[in-house]
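One chain, chain A, appears in both complexes that follow, with chain B as partner in the first and chain C in the second.
Entry: the complex of A and B
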């Protein structure tokens, strides 16, 4: 239950109010090996601890990348750390995106806002083993053009043409040459072979709900659609009770769930 | 630790030697005492500390101590306390950390300085409650060091119930009133005219060796029958019952039952039920520093699913209404708990009924949900 010290290698603003940082174990005890979709409990000395999914490349060993939005007191302190500072980590915890099980299949990655961060490790993994998969699409929706995270990667991925990158925003000025609309619009007119498609979805719950149902409408089976849940969390080891989601503990049974396991809960308010 | 089928007699007059033996072995004996108008648990060094001649009236939202017309030492049912306050303390330090000169920090797990506990007067339902919490805090993957340490060293002395409160429903939950195993020593208090003795049944080698230090005789058939009569009496007095057949599926089907709306109006979301419940395990953590900021600590405290903060994530609480929070509590207790830990989260102790300031009764709520399930 103790946090292990990790040193901040670098930290940069991703979008206003949101930082991406790389950290590496400071001494023995820290575990930097994770599976895409897993999270760590990130501790800022004296401030507290929050669950943050890894946003970096799982193939790069010995370091971890987190993308953090400053929304509360701990994340504000975390976003203010400087290179060389030491933060604490416990983990990795939780379930992972089913990138192995999706081999031989088409993969649709749907991200809403900062939901792209927990998905990015899975995209790195898919690209690393590119030949093992069929078509790969990243459908990314966010609020405005200046809220687009990882713009360089999005451009690179688009240039490499190894995956089909499609981006939309909720609202934009006249200078935005791209699409405007919600992320499910990007599914329209897209070729989806439901029998061989796996979907990975992360974003606000409402976005995941509409995305999952849009995919169900296209014939993708619920067990091949995956979502990543977020809940209040203190211990990450099924003990504090706070991350309960129906019968599940998001910290251990999740955060990644096959949609057929949580579909009933998705339809119920205030679970 | 299982019931060995061996029974002995310890007279009322010799009970102190049991306390003495427990203390001599280095245990901190804790058990029922009268304080603040209730029977609560605290350190217990002498038989005189026990609530001799006391009992209580309990009902939904009601608890009143009253005098018995005999000198029973354990002639009462559950009060507001449970053993979880010892194994899973309301507030405990998890670790402390110090900043180091190179800008880093070190963290050290908090040490538990408590003596091993001897729980005296554990009721059968509460013994089950401890076993329920064992599953939460002593999982193979991430056992809680504080809980596991205390639990491993604790001595459990059961007192089987000779009466039931109107709020009791252990028979419905199959947890009592007679403890079947999982204890070191089980006592049944027998009052028969001027005869006042305990039928003692060791359930472990620790229980046997403890009893060896207490003057006792072998129990005869009549003694054993008298002890069984006590728990049979409690069974007959059982004040409430709950039909738990298919309750998990029932509650899963009824997230939209109209009863939740009625509870929205009644429940104060005070969290009393979760504090009094012997199985509720939810907690929060508090990270603190001293004034220099160089010394930090993490503390764990009991928390309740009835607070808004409990489910807060940026943007708001996941369960913003009392309706949704009561539903979370009841569905967890009786249904999702089964999926999580392969046991019910309710042991039928009745505390949540007694200590609810508005007298909400979960046995009644489950009955009404069943009744009003939409076809």
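Entry: the complex of A and C
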């Protein structure tokens, strides 16, 4: 499966070291349709290929948005591309957030750090079909106020009052008007109807673990809690085995899993 | 007498004292008073003798420490229904952090020395108090440990994987 050329429309710094870019198919063959939670293999010519979840609106046709933290040689090269540059894309791959199955239910979206990026398409989808859902809450935690991604959208979503947006940081100066503490603290005192709640969690694995446990403590069933796993994906088509996670291949069986499928693995070291 | 009855009612309304007996609420009310703080005023000062804890009724309080050359850093925020001040419970009775009002704050201040005396005289009251404080401190301890783990920093990088 060869990558299709996509042209970079624009690219902007989200937080230091992290860029958000919009791309569109450059010529025939590129497909910009995806389901929230899916990822693409993004090829930076001359550097290599990395899996990146889509962070943009699934309803917007003809373009894709990615949010990338520069951590390795490929992502550093990706973050350095300029508008007009051409990159290669394969995909979309993997499982999606169960936004359709959650219709008629309350939805709690829990994000940690850059984990908000893969969840953002699901939030767009929930907002597009707002009347199909009960209460929707976005609980977002990150290290400090200057590490908050998509701050304008968080403010807009809060102002629109279509979803309940609650943000907390680990530490903050006195000028921070929000909450201080880990993201699981945002569940405390919150009215949760466990029988009709679906939860979508994305962030570092330890954050997802604590968040899932906190939801289980509130009575939300494990099959209604979904997490997005992160592994070193290479082929993206269940062939190379690089992303094996217990009996699963994250590239094809995931990255989104119902927690009851992976709960045992979360407690297994070195998986 | 009027104020004590008022304090007793306010204590009963706080979720922290849910299911506390009327007698114990009445006893504790004698150790409490209603207080108000303006933004920027300290409820507790790091290093001071810990003689009081506060049940926040309204407003927002930052639990913080001043970092040299960096300024005050919040490690927790306490809002309506929350508590700040645990150091009165155990020796050396010294506050570990500052608590400062970020907004106008209305709170019930409870005299720790007074409460310790009453708890010593009535161990059932002491047990009821300790059970409640132990729960809050367990929650805070676990939250603090998770903060220490820096859970947002480790693992998720590009978002779907590495590279």
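Simple rule for what comes next: the second predicted complex is superposed on the first by the 271 of 271 C-alpha atoms of A that agree within 3 Å, B and C clash if a C-alpha of one lies under 4 Å from a C-alpha of the other, contacts with A are read in each partner's own complex, and residues count from 1 in each chain.
Note that a residue touches a chain if its C-beta (ideal position, glycine included) is under 8 Å from a C-beta of that chain, and two chains touch if they have at least 3 such contacts.
Computed from a predicted model, the values in this text were never measured in an experiment.
After overlaying the two complexes on the shared chain, residue contacts for A:59 are found with neither chain B nor chain C. Applying the stated contact rule after C-alpha superposition, one finds that A:7 touches chain B and leaves chain C untouched. Taking chain B and chain C in turn and counting the residues of chain A each one touches, the greater count comes from C.
By the touch criterion defined above, A:185 lies against chain C but remains apart from chain B after alignment on the C-alpha atoms of chain A.
Of the two partner chains, both chain B and chain C are touched by A:71. Once chain A of one complex is fitted onto chain A of the other, the partner contacts of A:84 are limited to chain B, with no touch recorded for chain C.
Of the two partner chains, chain B and chain C are each touched by A:231. When the two structures are aligned on the shared chain, A:269 is found in touch with chain B, with no touch to chain C. Using the contact criterion defined above for the overlaid structures, shared-chain residue A:240 touches chain B, although it does not reach chain C.
In the superposed pair of complexes, A:48 makes contact with chain B and with chain C alike.
On chain A, the surface patch touched by chain B in one complex and by chain C in the other comprises residues 48-49, 69, 71-72, 230-232.
Chain A makes touch with chain B in their complex at residues 1-3, 5, 7, 26-27, 43, 45-49, 69, 71-72, 84-86, 88, 230-232, 234-235, 237-242, 244, 246-247, 249, 264, 268-271.
Every residue of chain C that touches chain A in the complex is listed here, in rising order: 62-64, 71-77, 81, 100, 102, 139, 143, 146-147, 149-163.
Partner chain A is touched in their complex by these residues of chain B: 94-95, 97, 99, 103-109, 136-137, 139, 141-142, 144-145, 252, 255-256, 281-285, 287-289, 293, 296, 298, 300, 303, 305, 310-314, 318-321, 323-324, 327-328, 332, 335-336, 339-340. Here chain A touches chain C in the complex through residues 39, 48-53, 55, 67-69, 71-75, 94, 112-115, 117-118, 141-143, 147, 170-174, 176, 178-185, 188-189, 202-207, 210, 230-233, 243, 250, 255, going by the rule given at the top.
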